[in-house]
Amino acid sequence: MKTLFTPEPAKIRKAVPQTEFETLFEMELSERSTLGHKPGQFVEVSVFGVGEAPISVSSAPAPSMPTFELCVRKVGNVTNALLSMKKGDHVGIRGPFGNGFDVNLFKGKDIIFVAGGIGLVPLRSFIREVLNHREDYNRVFILYGCKRPKDILFEDELMSWGSLEGIDLQTTVDIAGDDWKGNVGVITTLMPRLSLDPPKTEAVIVGPPVMYRFVISELKKRLVSEKNIWVSLERKMKCGVGKCGHCQMNGVYVCSDGPVFNYAALKEIPEAI
Amino acid sequence: MKQYVVEKPGIRKSVEEELKRKKVCAPVKQENSANFSAIHSFEEIVWGPPQTVIPPKKYFLPTSENILSFRKRDGGFEVEALNAAEEIVLFGVHPCDLNAIYLTDRIFAEKNQDENYLAKREKAVLIGVDCLTPCSPEAVCLRMDGLNPGDRFDLFLTDIGDVYFVEAASRKGEEFLRGEGRPASEIDHRKLSSVRKQRDELFDQEEKKLLPDYNDLPGLMKRNYVHAVWEEHGEKCYGCGSCNMVCPTCYCFDVEDYMRVDLENGFRKRFWDGCMLEDFAKVASGENFREERFDRLRHRTNRKLNYLFDKWGQSFCTGCGRCIKACLTHIVSPLEIANEIFQRQSV
Amino acid sequence: MARDMQVNVHHIARVEGHGNIVIDVQAGELKKVELDIVESPRFFEAMLGGRRYPEAPQITSRICGICSVGHATASLRALEDALGIEPSMQTLLLRKAILEAETLQSHVLHYYFLVVPDFFKVPSVIPLASSHPDVVKRALRMKRLADDIIAMIGGRHPHPISMAIGGFTHMPGEGEVRAAISDLKEVLAKDVPPTIELFASLSFPAFERKTDYVSLTHPEEYALYEGAIHSSETGETRHRDYKSKVKEEVVLHSTAKHAKGPFKPYMVGALARFNNNSDKLMPGAEAAAKRLGLFAQNYNPYLITLAQVVESVHNIERMIYLFEEILDSGLKEEDKGQIVAGWSGKVAEVKKCWGVGAVEVPRGTLFHEYRIEGELISGANCVIPTAQNLANIEEDMKELVPKVLDKPKEEITLLLEMLVRAYDPCISCAVHMLKVDFI
Amino acid sequence: MADRPKVGFFSFTGCEGCQLVVLSMADRLLELLGAVEVVNFREASSYKCDDYDIAIVEGAISRVREITELIEIRKRAGTLIALGACAHVGGINCMRNFANQFEIKKEVYGDKASNFDSFLAQPLDAIVKVDHYARGCPPSRDGEEFLEIVVALMQGKRPYIPNYPVCVHCKMKGNVCVFHKERPIACLGPVTRAGCMAACPSFGNACIGCRGLAGKPNLNAHQQTMEEAGLTPEETMKFYRMLNGMMEVGK
């Protein structure tokens, strides 16, 4: 018997530490040929005996592969347990869940990706999808901010993105030591440098709750329309499928109505940002 | 819907027949109150007041339910989904609870179907009983459109004197009757109308009226999302979640894993949770999206009168009055909150 | 051979509470024998002062985890004595049953967990779990059943919830009581016989010292819940006059007060009860006593353990009897009007009054005495069995040590520890209240 | 954590009911003994050892020598669990903190009072850091919660202990609230931390607060509720102090 709450078996194929607190996992489903996710969707990961946690899929959609990637930060029970696991260990997977990004809306447009800290994880899926189908999209800006240089995720990958034609990568940190040559300051300080074509621009923001307000107001100053701004939100989730009630903000369920929201709609949800 | 008239001993016979086959649950006396419980004889059934302390939702969404069991095996885990459901007859369900069950059915059947709820629900026969007198001083069902169950039952009994007027909305309901009774006549219908009219008058005489227009409740809540009432009431709130626990339309749950001492066998359990509790919306980083008690009271009230009303076209407070009684600080009544907001916005 | 010896056994293990034995022998002469209580003093009597009287059973049940039901019962009896309340027959039967259950769990804990390891020459019951799993499982089963019965009636063990002035705030269901009867019958048939055989096979040190045996006594039953105070030396006294039998004195080496009779130390507990009341034992218990070779009057304190085995058989038989009695008269909800639990609104205003509750708890006779003024307790005195036994244990040691002085020190230590343990001292009861130091 | 962690049980001022609860766990006790190595358990063993990973301490601290012993235990133990209300909030012992200490001793020991050392009763964490609390007087749910804490420790997980009030579970059990009984009883449930499955109200009596305060308890609201039930603020305070003398919000 299977229910809504039955996780499927999966195995850790690779575990690559990114920072002190984050590890990138490659997972392999044992009973399915592909996860079949969209960028921005998440899965519920089970560590049996410890619990379940919603984690964004970090790899690009891969219609013919049973593997996908998750990048996990340790903050509590499940995430701590995950980070202590290694290649060959077993987990449970439910999903993918959530709406994800509708890539068709972004085709032919300029895209600004704004990521704060671990927010890069869900965005990486989308960015990789865009890079895989580069010809479908126009200019790409990637703004990424972290607390300190040692918190930077996917460092090599970021560098390789930055070296690609038509991709403008900007990074910044809040606090830096002497060996840091890049920008210092909050992420909004990167925005004035961008040469935007507002009507043709879609902005995608994922980060900690405080970041949204500042980035959105900056974008609005740069005349990016509210309906061209997209965010992905994080809430407490216990089921991932719109039943348990925890992720509800006003009338909206983050797990099933989101986690991706258009800002014009989100504005009407007082509890959202 | 078919309508019958059944002699009182006929209903007794049907219950006794069911008792031989199935678990029959009904309100039974519990001290100076009542509660749903498995019965062993027809006499145990409490008809009418008092209201049960907790609603019958516990039969479909148990207070605590194992949804998964797992055990270590070959380096991995053997996982088994658990979904215990048994055939039961729920007898003596009041209209407010019938409405509430209908509403939670919608929630659990929507999009991702929750088999653990639905399996239990499908195996249940709902037999409602009309409330001819208010079942508690707190009941506001007439105001919250909870007193008329429509066809949201398998069978519904109204005492119209020496016989029951019986409405059967499903095959399950018909089967319960086992051919007892006869089709209702014109006279029976007239009797029913007059009994219901009397009933409504009795309920109407209660001092509690809903001042705003029922259909404008979502609008009223939206317009007054920011209102002093929330803080004033919130200040007195314990954050004790009693109002959530006793509400027939509160269905939120939490999920936890439990491991046995051997660290090899365990299970995943879901259990009732409530949006009035402090940690309900707190995420792992420590951020709490509804930190203050008033945020949470506003959320609860809005769920009943606005968000879910908006989505499903009906108040999710069915006026059972349980939370009003349970709340030791007398702040939670959705009707009173709506009235207070209505009055204070109009001056 | 004249010898010097100092023995100092700190924190005798496997007794509940903290005590030390101190023995000082110089040139073959016994200079000093002391049983020290190093348990922290708890000041219950003082704490009771100024509290609302319905709280007393809940507060005093925290005197001791092992006899919390006994304390609650003594407390209720003292309060009801003071207030002139007579609870229903059903309440009496249930209180008697829960007291039997508590005695059973305590005795099983004592003879299986605390005494048996001495005979198997292991430090605790833990290694027995793997070496003698059947014994340990049997012990756990018997203990668990007693605990479950306490929980069925009182809500949990320790610290009962539903025991209130005038009656119970919660009634067990008829089905629960029936299930308890059948579980008791099963234990009686399966676990009791091997228990008796096990203890019949053990040989206890041969040591006798006649003393005064004090317990409650009742014309119709083996008294636990009610009865007059009986002394084998001086006869019977009414419970309210307990002070004429029991005098407490503060002894400097002990945080527990010692209690003595007006003339000399006395013994309370299973052996005292057995000596005074053995003719009232249930048939199975009587047969067990025969099998164990225990006959009244017995003067060997090491055999307190056997008296406990006998009593535990009695406990089981009695519970079956009491439960059947309850079912026969039909379980009824108690009259809520008479029950005073916790802070139930305003309690009846009472003028000055006082009362005494005397009940048998596993370790002996327990006395609670309260003075009440208005809603408050204005004075309290609790006399705990272990406190009453301490002086008697010292007397036993004084007589025992010279007789065994030629033995190796380890053996003496063990004999003394076993003696103290036989009394099953519950030192946490040190309302005002052990250690072996051979100095 | 080691495969079979070494566990030591210790006790200070209390009724020893907590260790008794552990001894009463029957089958689960045997399971536990399979999973951990008990190296110290005075109530059940004469064997003692000073090498342990987990120290489980019951009882409050009420004498000078107990402080040094506790500090020593804390030094040796990787994890310290406070078992029961006395260790967690001081328990019943703290009732005496609100009276004149000398008077109290005098009342019990008469003119020999000055010979007995004892000071204000305190919970363990007034003296050392406590990692986990197995709350309750006695430890809740027949020691089940205590067991969950030990299992969580072995799993390296933070145990699940609700911080909401007792009312939540009381309602789940379908109890008639004791404030609503025919003869109402005043209850500490609305401000006391859940986890006992509302043991007392389920047996017809009031919650007496043995698990300490809930997270962010609304004490003002409670005073109001208690007044409606006929208690003065002083009486309410006295009620809290029965088991919660060392009340600390959110602990």
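We just call them A, B, C and D in the order they show up, numbering each chain from 1.
As a working rule, a residue touches a chain if its C-beta (ideal position, glycine included) is under 8 Å from a C-beta of that chain, and two chains touch if they have at least 3 such contacts.
Quick caveat: nothing in here was measured; it's all calculated off a predicted structure.
Engineer: Between B-D and A-D, name the chain pair that shares the greater number of C-beta pairs in contact.
Structural biologist: Between the chain pairs B-D and A-D, B-D carries more contacts.
Engineer: Just how far, in Å, is the C-alpha centre of subunit D from the one of subunit B?
Structural biologist: Once rounded, the distance between the two centres reads 37 Å.
Engineer: Could you tell me the distance, in whole angstrom, between the mean C-alpha positions of subunit A and subunit D?
Structural biologist: The computed centroid separation for subunit A versus subunit D comes out at 44 Å.
Engineer: Can you work out the whole-Å distance between the CA centroids of subunit B and subunit C?
Structural biologist: Centre separation, subunit B to subunit C: 50 Å.
Engineer: Calculate how many whole Å lie between the centre of subunit A and the centre of subunit C, each centre taken as the average of the chain's C-alpha atoms.
Structural biologist: Result: the chain centres lie 66 Å from each other.
Engineer: Could you tell me which residues belong to subunit C and also touch two or more other chains?
Structural biologist: none
Engineer: Specify, in ascending order, the residues of subunit B that touch 2 or more different other chains.
Structural biologist: 256, 258-259, 263
Engineer: Residue numbers in subunit D touching 2 or more other chains?
Structural biologist: Counting only residues that touch two or more other chains, subunit D contributes 155, 181-182.
Engineer: Using the contact rule from the top, write out all pairs of chains that touch.
Structural biologist: All touching pairs, sorted by chain label, are A-B, A-D, B-D, C-D.
Engineer: Please name which positions on subunit B make contact with subunit D in the complex.
Structural biologist: 30-33, 35, 52-54, 58, 63-64, 235-242, 245-246, 256, 258-263, 271-272, 274, 277-279, 293, 325-326, 328-329
Engineer: Residues of subunit A touching subunit B in their complex?
Structural biologist: Those in contact with subunit B are residues 1-7, 9, 11, 48-52, 75-76, 79, 88, 90, 92, 208-209, 234-236, 238-239, 241-246, 248-251, 256, 270-271.
Engineer: What does subunit D use to touch subunit C in their complex?
Structural biologist: 11-21, 23-24, 26-27, 29-30, 33, 38, 41-48, 59, 62-63, 66, 91-93, 95-96, 99, 103-105, 107-110, 112, 115-116, 118, 137-138, 142, 181-186, 199-200, 202-206, 208, 229-231, 235, 238-239, 242
Engineer: Can you list the residues on subunit C that touch subunit D in the complex?
Structural biologist: 11-14, 16-18, 40-43, 45-47, 49-52, 55, 58-59, 62-66, 68, 105, 109, 113-114, 117, 123-126, 129, 136-137, 140-141, 143-144, 147, 151, 154-159, 161-162, 164, 168-170, 250, 252, 255, 257, 336-337, 339, 341-346, 417, 428, 431-432
Engineer: Would you tell me which residues of subunit A are touching subunit D in their complex?
Structural biologist: 49-50, 76-77, 80-81, 84
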